[in-house]
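Have a look at the structure below, then the notes.
Chains here go by letter, A, B and C, matching the order in which they are written, and residues are numbered from 1 within each.
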Amino acid sequence: MFPYPQEIHQFPYPDYRFMPSESNERYRIPSQQRLTFVLVHGSWADAHFWDGVAAALFSQGHTVYTPEYAGHGKDPNKNVTHAMITKSVVDFITKLNLHNFILVGHSFGGTVIQKVAEQVPDRIKRLVFWDAFVLNDGESLADELPPQTRQGFEQLRAASKDDTIMLPFPLFRDLFVNTATFEEARWMYTSVIPEPARPLFEKLDLKVFYELSIPKGYVYFLQDNALPQGEGFGWNPHMSTRLGQFRLIVGDGDHFTDTRTRPEMVAQKIYEASRD
Amino acid sequence: MFPYPQEIHQFPYPDYRFMPSESNERYRIPSQQRLTFVLVHGSWADAHFWDGVAAALFSQGHTVYTPEYAGHGKDPNKNVTHAMITKSVVDFITKLNLHNFILVGHSFGGTVIQKVAEQVPDRIKRLVFWDAFVLNDGESLADELPPQTRQGFEQLRAASKDDTIMLPFPLFRDLFVNTATFEEARWMYTSVIPEPARPLFEKLDLKVFYELSIPKGYVYFLQDNALPQGEGFGWNPHMSTRLGQFRLIVGDGDHFTDTRTRPEMVAQKIYEASRD
Amino acid sequence: MFPYPQEIHQFPYPDYRFMPSESNERYRIPSQQRLTFVLVHGSWADAHFWDGVAAALFSQGHTVYTPEYAGHGKDPNKNVTHAMITKSVVDFITKLNLHNFILVGHSFGGTVIQKVAEQVPDRIKRLVFWDAFVLNDGESLADELPPQTRQGFEQLRAASKDDTIMLPFPLFRDLFVNTATFEEARWMYTSVIPEPARPLFEKLDLKVFYELSIPKGYVYFLQDNALPQGEGFGWNPHMSTRLGQFRLIVGDGDHFTDTRTRPEMVAQKIYEASRD
């Protein structure tokens, strides 16, 4: 019937039905859905990158795995390919026969979980990218770097004896741990070792990835400037929208620092992108 | 006189005149300017969308109206046009003879307050858009959707018997209530019913709107991903800058959740965009 | 060796080495690196713009200078050039023989510190831009304004008797102090006087600036809408990325208000962009 017969909706109206939520404190919600996480780190890091975040997730009742991959951690061999890195994670998952887990990738780890998802899609409950690369089919990570950064990486690569790239401290300090104190930055830099260069420059076939229907989440931190924010680059929306439908969660942090200074916050944001 | 004769401005200098503000607590300011609000909801919602926010504004001393419009709420007729929806709100305003009020639109409600403002401009003190569409002259809401979303809506529309679009839960969960718990998401989804499709696809004549000189505000929530953020889409700056001069207020929330979990925060942000 | 021999990284693992940071409270860190700051204000402001921020930095043990420049403060002469403004700051620095300081520019002050840095690069430890213009070589500030704003400024300039631009209160309220209460806005507006127009329209030779290797930081406030955010305009990333490598710090504030309402927050954000 038109015109629509109006009731007078002036507050307070008789059929008011607001029921306030009980979750006022948003970072220590007591009961969480129990999930299994497989956390995949990025470049210039090893599995210990996740130590604080893993502990925070574990303390909330989740099961947490932090696989190491080829060319990283205690592996002395730096001569690795992206396929070898992917195989490390796939082998980890199949060896432990993991199912129904949240596969999380950070930074370069985004490209790894893209390829892992192609190989073991049925085991994965949800893919979560945290300030992570989501490459187009046929792209390399290097294709997504600003020209100046890419050239810098190419020069560092050429200057190395073992086809690695060592991140200079000033770059690490400005782009990876910009919100840290100097002491925190120095301390975190002690974990940084030369990164195998080749996987960053390999173009990846991702046709299968873009056919997968696994649910996806993207965690974006507002102070993360490892990629310039916007104007053709950046984590969100430039990378994230490639996922098609995804759940966005935004936090206030940078690329590395909060894993050390506020791991509970990082864990909560990853959880928010992961839960049903 | 040049060169400018410098005083030595080293702190502390004698004519220091900083006077700190007394408003340290920013979300419970005791005395607010008393305003009248007319709150216009968006799609897949009815006037009860505003229950918590209306209560919060009312508790601060404001007068609050939440008009229902054609095709929504208790109206059984889904066969409505954008003009009928606009007429519902205009009739509400004229019937109650409201003047000097803040007209707030959320989401699709942005297109409604654009058209309402064309008809009763002299009654409106300020227009406030909260993560709301601001259409260009001649556009439809569907014109502003990413191609994939638009196609999805067109398919859902074609599949319905009464020219409506029902929002599937996975889409609602990822795009409208991404920060909610699963329980909150399920509970909020119980209010979602099929939305009349036609008003979303009607192209609107907005020439008059773009001649109006009513003051404007835009409230943008950082975790709102109902439209992809940036790169040709999104609430701010893509929609907001169409308003010309406007007052921007930014908050940390998503498209729907905070009306239930943090209505005082939503009310405060709307108030900040509305006050003189 | 490949395949990489996996340890089972399930948390808790034996070599867990997370060491939590002690800096939980992020805005009152007791011991800061002692720095010297030279703070350069922008348009429609004078050196007192910095009063609260200078006091906050001083209370943390820093040395703080707030130079006034030609055409501003107590200078009765409004007929100034950008070069005269730059000379004021350079003279201040050389007269006091300042070295190893952080040179901070806000808004129009960004263009000033670009030119000051060209003249005394060796004295500067770091350049910090806070929601400040970073002009390309050959640009004027006016070149970076949206067309509508630029036209408005040109009309205000043409209407003035002394080649100045007075910022109308509605524009100041919406674009510079959007988060303030009306009372705060009115009070801050009492400090606004006509701004010399010419420096805003002068095209600047910045070839030397773009050859400098001084470390740089950029502080961006999320509610700052003095320039529209994104889509070819705005502070970050549009201006900031012109700096090449820089340290990004993000805060929640607008263009002017927080200097009065939350100067400790502003000071902390500037410090975070400034420290080693």
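Please note the rule applied: a residue touches a chain if its C-beta (ideal position, glycine included) is under 8 Å from a C-beta of that chain, and two chains touch if they have at least 3 such contacts.
If you're wondering where the values come from, they're calculated on a predicted model, not measured in any experiment.
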item: Rotation angle superposing subunit B onto its copy subunit C by C-alpha atoms, nearest 5 degrees; value: 120
item: Interface residue identity across copies subunit A, subunit B - same or different by half; value: different
item: Averaged-CA centre spacing for the pair subunit B and subunit A, given as whole angstrom; value: 31
item: Contacts with 2+ other chains: residues of subunit C; value: 222, 230
item: Residue numbers on subunit A that touch subunit B, as the complex places them; value: 1-4, 6-13, 15-21, 23, 29, 33, 215, 222, 230, 236-238, 240-241, 244-250, 272, 275-276
item: Partner subunit B, residues of subunit C touching it in the complex; value: 47-48, 51-52, 54-55, 57-58, 63-71, 75-77, 80, 84, 87-88, 91-92, 95-96, 146, 148, 170-171, 173-175, 178-179, 181-182, 184, 222-223, 225, 228-231, 233-234, 252, 260-263
